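All chains are identified by letter, namely A, B, C and D, in their written order; residue positions are counted from 1 within each chain.
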Amino acid sequence: MAKKGKFDYDDELRRLQIELNRIAQWVQENGKRVLVIVEGRDTAGKGGAISSIKMHMNARWCRTVALGKPSEQESGQWYFQRFMPHLPSAGEFVFFDRSWYNRAGVEKVMEFCTPSQYKAFMAQVPIVEKLLVDDGILLFKYWLTVDQEQQEKRFKERLDDPLKQWKLSPVDLKSREKYAEYTKAREAMLKISHKRNAPWTLVDFNNQKLGRLNLIRHFIEHFPKDRPAFSQPAFKAMAGKPLKESYKVKPKPIKSYY
Amino acid sequence: MAKKGKFDYDDELRRLQIELNRIAQWVQENGKRVLVIVEGRDTAGKGGAISSIKMHMNARWCRTVALGKPSEQESGQWYFQRFMPHLPSAGEFVFFDRSWYNRAGVEKVMEFCTPSQYKAFMAQVPIVEKLLVDDGILLFKYWLTVDQEQQEKRFKERLDDPLKQWKLSPVDLKSREKYAEYTKAREAMLKISHKRNAPWTLVDFNNQKLGRLNLIRHFIEHFPKDRPAFSQPAFKAMAGKPLKESYKVKPKPIKSYY
Amino acid sequence: MAKKGKFDYDDELRRLQIELNRIAQWVQENGKRVLVIVEGRDTAGKGGAISSIKMHMNARWCRTVALGKPSEQESGQWYFQRFMPHLPSAGEFVFFDRSWYNRAGVEKVMEFCTPSQYKAFMAQVPIVEKLLVDDGILLFKYWLTVDQEQQEKRFKERLDDPLKQWKLSPVDLKSREKYAEYTKAREAMLKISHKRNAPWTLVDFNNQKLGRLNLIRHFIEHFPKDRPAFSQPAFKAMAGKPLKESYKVKPKPIKSYY
Amino acid sequence: MAKKGKFDYDDELRRLQIELNRIAQWVQENGKRVLVIVEGRDTAGKGGAISSIKMHMNARWCRTVALGKPSEQESGQWYFQRFMPHLPSAGEFVFFDRSWYNRAGVEKVMEFCTPSQYKAFMAQVPIVEKLLVDDGILLFKYWLTVDQEQQEKRFKERLDDPLKQWKLSPVDLKSREKYAEYTKAREAMLKISHKRNAPWTLVDFNNQKLGRLNLIRHFIEHFPKDRPAFSQPAFKAMAGKPLKESYKVKPKPIKSYY
């Protein structure tokens, strides 16, 4: 892998993705379950980090879970209940793009939960995670950091780029004012949930490409080195002239616009 | 948009994606439902085409549905039943990456279904689609074409590229031998399911980038021209010095590997 | 079975339930699917009729589906969509306690749907049912009739009986005034949905016990006469003295209150 | 309520069911959640006990959950995962007819789980239940006892009664031989899971009717005494002559068989 001090993003990402595929193969063959919680500041790049991991993985082996606001039905349930059906089954990777930690982050800072709901969450989250880890789930918890200057720059980009404008939610705009409160909330969260068996990993995402490579490399290092290569299936060149598409019934392909 | 004869892929795709975002906004505001069936040859580029549409859309407004083999429970049900829960709700785009047409394609050619199951499907599919269209669902059916020479080249790439090897399934390797049979199956399918109210659109994917642009442009043309621009939220520069991440509790961010 | 003019309810019901169990066995062994739609006047006895059929059947082979009001998400979908996941799988009986016909009954009469929604339903319901029947689902549609005098008597009982008061909903009380409108709505519904391949069966439930027996007997007659008896498993008396419960750890059983 | 030493089953059950309806009302109005685990010997009468509680309750407020064998997908998950979606939401009663305790009962005795799975369950079950109770779920755990003489008698009845023969599973017949092992397994289970905040209640079901009354009465005593009566809706006799069913379109009601 690339040495300290320099990297070519595309080359290095490709190298890491090849390793990820081998890990996915190992996870499948050994019936392991992998749960990756991705949290962090607004604009830090949670979605992009998950995409860079999944980009070339078999879509049947990995799922991203990004739950919206709880429904009324869900609001009347145990807080962790709605996440439970999404836990990984044997052979699966699951990525939580935001997670139950919403309650310790945005819900705490923006006062979307009551103090007693917050307190209950803080008491239960280490217990819930211990249950899952004790059961053999490989749990990774990443928190992506970014300085306010970068964050502001990225909000501004969203504002100006017609492809990203929809990302700027009213909650984002209010959250903007509360950088320091989010720091405080994160620290409270780390204090109670950074456990030996379920540790947090903070990754600097001021440079998103660098952040992604670091996150993936850290992730990869936590799997056995001895990973299977794919077995090459038998494949020999076809005899005869290759066929072309032919169209005897309607419709024919559309004409190119270009 | 780009003129006949030339295009810059990145520029043009970006232009189209901005239009797609406006369409998504219109779909949301008007409670429309959009169902896009994407079918085609192996290696044609179904997944990539869907990704290029969704890349910058709000993930809460669009879903991709790629159902695996039916479970034993599902095999004992009405063939269309397992697809039904995935139909779009008001405001949603749903992309079927392969679809109920499996029965008229791979299942027919590879003999994974009985002749009477095939016959039943061919009789029912136009009726089912008419029900949905009559109910107001905006249904698009794309079939991506590719010549055998290209297909072989892409199979070979999958074989050689460690990032793509997992994509080469045993069924793919057998399907390889049956290019002509797939053509025949497609023609039978077009004959019964290319209807005025639920037409097929064939798109040439021998050049995938060109194919994607053509598909998206065709798609866009079927929506009203008069699309809303996003309203710019109020956003003013922050006063004071931007904050930096500060770490008073453990853990600190990991050191960069690079 | 009991002759014309007289019946002992308990004896006859028991005889019919034994037949139902044999039918269930036949349904299981032959992978059949049975869908029973139970509709009718308020207070007619839909729930009780379903219970009398299911009472001694294997709970794993039969399900009752009583959907509430559609959620907001469901309201934005194809009207039939939310019913689809509940259709029977191979070997199963499914009872719809009220059904998609809500739209032609209570929703029509109480104006809970728009005229165009009603019209769309009336156009689509025969097509949807034909799809299911053509696919091999054994479809039964029962409509339970009751005169207004009886209905009033039963409403009054609900009012007076503390075990039944919760059953008296505000919609019931309004529906009360609309006996004639319900008759009219039923007739419109019969006109479009009483089809050779999906016929309605009306059963007089002015006497509920008699109604249940008639409904079940009609149902039974539509299955092959040649039904398997259960095979008797080997079972021999145990040797030795039978054991008694013994309690070495706490808690012990509670003392009887009686 | 009935005094010590005598009871009329039907009268007393009715009295208790009226109380249950008031409790259900209180649960609804206060957004409480009630989880009732019903375990016990084969033939003890778990299903009948649950039915007697639910018989006159609003079906929208209470659910019975009787999960079958885990699917292959579920077998690869955290053991408790498949139960989680069924936990009660605000206002609901949920009855588990058998439960996660299968692992400490039938799976332990019949060796359907590995010793390490059993051990993991025994370590986790008190923690899981504490999480739920701390979250405010009202948890009741009933274990129905029955002596072997009664159990044998009931097995014999199932064998002889055509309405009950399907209930006699091969596992039942093997379990029959293991009365003492089940006692032992129950004691081990009580030792680790009879907790102050999640106690077990054992109820003698040698007499099923008496057992049901005792169980329900015990259950009722754990709710506040001050329960709301239903408010009587306005209801006045209808003016005019009550209408009769009239049939202008086909089909008419079927002729009575009796």
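Here is the rule we go by: contacts are C-beta pairs under 8 Å (C-beta built on N, C-alpha and C of every residue); 3 or more make two chains touch, one makes a residue touch a chain.
These numbers were taken from a predicted model, which means no experiment stands behind them.
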Any chain that touches subunit D and subunit A: none
Computed distance of Cα centres, subunit D from subunit C, in Å: 22
Centroid spacing, where centroids are CA-atom means, of subunit B and subunit C in whole angstrom: 41
Intercentroid distance (Cα basis), subunit C paired with subunit A, Å: 46
For subunit C, residues contacting two or more additional chains: none
Which chain pairs touch, all of them: A-B, A-D, B-C, C-D
Residue ranges of subunit D touching subunit A (in the complex, touch as defined): 31, 33, 73-81, 84-85, 87-91, 120, 123-124, 127-128, 131-132, 134-135, 137
Contact footprint of subunit D on subunit C as seen in their complex: 1-7, 12, 14, 17-18, 21, 24-25, 47, 56, 58-60, 66, 68, 145-149, 151-152, 155-156, 159, 162-168, 170, 173, 176-177, 179-180, 183, 187, 190-191, 194, 199-204, 210, 213-214, 217-218, 229-230, 232-235, 237-238, 242-254, 256-258
